[in-house]
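Heads up, the next two complexes both have subunit A, just with different partners, subunit B and then subunit C.
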Partner chain A sequence: MKTINTNYTKMIGYSLFTLGLIALPWVIDIYQLHIMIIAYIFVILSLSLNLMVGYVGQLPLCQAAFFGIGAYTSALLSVKLAISFWPCIAASFLVSAFVGFLIGFVTLRLAGHFFVLITVSFAEIVHILAKNLEEITGGPTGIKGIPAPTLPVPFLGQLTLDTEQGYYYLVLIFTALTVYLIWRLMRSLVGKNFVAIRENSDLAEAVGINTFRYKLIAFIISMGFSGLAGSLYAHYATLICPTILSFNYTMTPLVMVAIGGQGTILGPIIGALIFTALPEYFRLLAQYRLVILGMVLMVTIVVLPRGIKSILDKVYEKIRKKWSGR
Partner chain B sequence: MKKILLETKRLTKYFGGLGAVKQVDFYTNAGEIVSLIGPNGAGKTTFFNLITGFLRPTEGRILYEGKDITRLKPHQVADVGMVRTFQKTKVFPQVSVLEGVMMGCHRKAHLSVWSAVANTNYARDLQNKVTQKAMQILQHIGIEQRAHTLAKNLPYGEQRLLEIAVAMGSDPELLLLDEPTAGMNPEETKRTMDLIYKIRDEGITVLLVEHDMNVVMGISDRIVVLDSGSKIAEGLPNEIQENEEVIKAYLGEEYISHVEDR
Partner chain C sequence: MLAQQIVNGLTIGSFYALMAIGLTIIFGLMDVINFAHGEFYMLSGFLTLLFASVFKINWFLSVLMAVAVVFFFGQMCEKLILKPLRDASLLNKALSMIGLSFFLKNLIIASVGARSHDVVFPQEGVRLRFGSVLVTYEQVWFMGMAFLVFVLLYVLLYWTRRGKAMRATFQNKEAAALMGVDIHKMYSWTFGLGCLLAAVAGSLLGTLYMVYPAMGDIVIIKSFIVAIMGGMGSIPGAICGGFTLGVVESLAAGYISSEYKDVVGFLIVIVLLLVRPKGMFGK
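After this line comes the complex of A and B, so read on.
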């Protein structure tokens, strides 16, 4: 009886949660909706980073570069070649994943600290290239006029998602898809191989897990989704410039993952939601953003190494015990 | 004629000018328990690291069922059927005992990313099979009541048993155990020895590196002795016990002359 009841409660909980997400645009104002869209994009970025940091146990410091590669791929294809949104976002994913393959193939054989150094250098190179290859990237001013996505709707023709409401649903679907795919992957035997590498790379090798291969697979997936996030950002902002390649966009997801709880699905989602919303309400401190993020990261690592998720787990456990105690 | 499983030919490893393993010829027959013994610093663990691909030999060759495996990476060595444990306990600390053994099962349970993400019937079946297999291994080894404990929370003796369980997950033909009873109390040692017999009786060849003489003499079909990187003796346990070279290596020259004087 008890299990049926908890399953029932769970299902009701999930349905209410989903309904809440769908109803959100009718409840909150445009500005808050804008924050939610950005937050979802950061959810995708954080989850993809978490795949490497939380599950495989490697620290790539190049999230910004792949976010940017995705954004620029989408921007260039849609502005210069007038290609529509859907092929663009697919291309962003694939191009980022392919560049991820190249970088990963070279660097993932190296010991962890070399991997960190090379990825951070790569990110800086991409940043400089975007600033200086003016004919292609538009230099410091970037690329303007990226078209909003259109959606073919039967009988109504093309629906342009150029409002916050429309775009909210688009990003919501992509975010849900990302969460689902990564959740599936991590529950599978492939996910176990990732965790085995994090837990003990030598032992993983000794029982026959090709650690290089699985690190590479995780890195490709991780960078592909970062590129996807970049594409979603580009079509939303309609204007991109090299700022999106700055270290800020590497640091922010890292803080989100660390504070939310690495190595979990829910952790990075919580982290992304909190750390997109909070800074928006402390606009005055914008210039100290990196300083504050750095300090928050240091404090978290010392005080709460498993993130906010670990507090939630404890609270949940307490409530559950109280309930079953009766 | 017994089948030779693993064979090394003039296997040599130098660290700078220091010869850790020198010109070692070695073999194991299928189905036997072979022990590699020797005083501290004799090169036993280096020899282990060489044959499992964790170190590259300076010279010499390693053959497995006649195939040259000298240049293989550790996971490729595992793939041909030779799986090891480590001298310093290595488990997957932050996952449950059951999950850890499931991770060990990877060699016979490859799954592509696509079927993992699509959650195909194949992926689900495989996952169920692996879960069952891991549970069976835990029952076999006798730590199934710990299946849902985090590995790091196990007492030391059970962590060492878990290590063997993880290695068994990969269905090895040749299991290499690096000092499996180190730091164990007599009761745990006995349990481990019984387990090693059981593993051998399943048709798995076992190569042991061991310090505990009682363990080695009781359990081994054959013993190979290393000293300062060179092989100084090999033979049956009783032959080794009486071998003067071996006694000298373990107890020192003075002890022998002291005994002879009396």
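After this line comes the complex of A and C, so read on.
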């Protein structure tokens, strides 16, 4: 009886939450909507990073590169070849995943630190290339005029998602899809193997898990989603330049994951929402934003290594105990 | 042309080597990838600028002071951040160092600004000619100083008691601790020493080129590449790797294109990892 009851309340909770997310564009203004769109893009980024950092226990420092590869793929295809949004975003995912495969194939066989160092060097190289290959990437000025996505709607023809409201729903769907897929992945055997590798790589190998293969799978998926986030960003911002390849875009998701809670689904989402929204409301501190970001990362790792999620869990446990005690 | 490129490559290579030795000893002893290495390098450049150009102190004295300050600052960082993380994973240690790096770099940008500054060297612009090779006076001095540091490091590690304790901790932490080595002290010493090496490179290269907050960004990537080339944890490897990368880059800049010289090192390291994953001197 009791389990049915809790399931029932849970379902109501989830439905209300979903309705809230859908109703959001009517409640908040355009500026806040813009922040939400960026926050969702960072949710995808930090969830995909968390797959490596939180579940497999490897540290890839090339999110910016893959975010950029996704964005540039989408931008180049849509601007130079006039391909529509949907093939573009698929291509972004696939190209990023393929590059991820190449990098992972060389480095994931080796000890963890090689992976960290090669990925960070790779990100820097991509940054340099994007700045210098002017014929392809447009050099420091980047690519302008990336078209907004269009959606074929029956009876209405093509619907162009060039408003914040329209784009909000598009990003919401992609974010929900990412959350769902990663949640499913982590409940599958593949996901359990990831955690086994994180907990004890040698033991995992001994019980027959091909650690290299699973690390590679995680990395490919992780970088594919980063590319997807890049594509979403490119079509929203309509212009991109090499700044999106700078280390800041690797750093921000890292902080979000570390603060939110490594190795959980909810943690990175909370981290991403907090760390996109908060800086906007502390405009006075804009100059010190990155200083604070660094400070926060340092302090969290030392003081609260399991992130905000661990505090939430404790609070939840306490409330639950009180309720069941009555 | 060829000789000139090689000489230039050796000059820059000696600094890559200095940086990479710092990284490699910190990694070898503590399992920490020091992402803040580039920031210690940058801090030292700024301190040299402060002492030499603002306070008008003698340049050599300024370098010594800058290096000493960074040494103690490095030890302080180790005690505050890395000591509580002794048993943490490689990942969390690396994350804390990324945080430190971001904090320091952006603190300097926020307080001093992102502009470049020139440190005045006493004998700037004097050139020497050996056959067809043209070398600036600065280059000769700085290469000499880099070599002096290599020698001093050798003396420290092999001729002193502290060096012996350090090497012992390097080989086996538990055994060293049982023999009465204060390994916590060794950790903070080694971290400080690594930062000191970065600081020497920062002071000298900052004077040779320019001092600016992001100056560590590209240099740290280079020292990562060098440290991997040499095999993480190997000092001779780091020295050889540094000179190799310096010369190769300089040749690539001369004969291929200067924009893509930074890519060459990365390609070398990828090929090396495919062929010989443990690096040139790895065990």
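Throughout what follows, the second predicted complex is superposed on the first by the 320 of 326 C-alpha atoms of A that agree within 3 Å, B and C clash if a C-alpha of one lies under 4 Å from a C-alpha of the other, contacts with A are read in each partner's own complex, and residues count from 1 in each chain.
Following the convention adopted for this analysis, a contact is a pair of C-beta atoms (placed from the backbone, for glycine too) under 8 Å apart; a residue touches a chain by one contact, two chains touch by 3 or more.
What you are looking at is a predicted structure, and each value in this text was computed from that prediction instead of being measured.
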- Query: So, A:Phe247: does it touch subunit B (first), subunit C (second), both, or neither?
  - Reply: second
- Message: Which partner chains sit in contact with A:Ser324 here, subunit B, subunit C, both or neither? Use first/second/both/neither.
- Response: neither
- Item | Partner chain(s) touched by A:Val53 [first = subunit B, second = subunit C, both, neither] | second
- Thinking of the overlay built on chain A, is A:Gly112 touched by subunit B (first), by subunit C (second), by both, or by neither? second
- Determine, for the superposed model, which of the two partners subunit B and subunit C contacts more residues of subunit A. C
- Item | Partner chain(s) touched by A:Val120 [first = subunit B, second = subunit C, both, neither] | second
- Partner chain(s) touched by A:Leu185 [first = subunit B, second = subunit C, both, neither]: first
- Query: Intersection of subunit A residues contacting subunit B with those contacting subunit C?
  - Reply: none
- Which of the residues in subunit A end up touching subunit C in this complex? 53, 57-59, 61, 106-107, 109-110, 112-114, 116-118, 120-122, 124-125, 128-129, 132, 247, 251, 254-255, 258, 287-288, 290-291, 293-299, 301-302, 305
- Query: So in the complex, which bits of subunit B are touching subunit A?
  - Reply: 52, 54, 73-75, 78-79, 83-86, 90-95, 99, 102-104, 106-107, 109, 111-113, 116-119, 123, 126-127, 130, 166-167, 169-170
- Flag every residue of subunit C that touches subunit A in the complex, lowest number first. 27, 33, 81, 84-85, 88-92, 94-96, 98-107, 109-110, 217-218, 221, 224-225, 227-228, 232, 259-260, 262-263, 266, 269-270, 273-274, 277
- Item | Of subunit A, residues touching subunit B in the complex | 181, 184-185, 188-193, 195-196, 199-200, 202-211, 217, 221
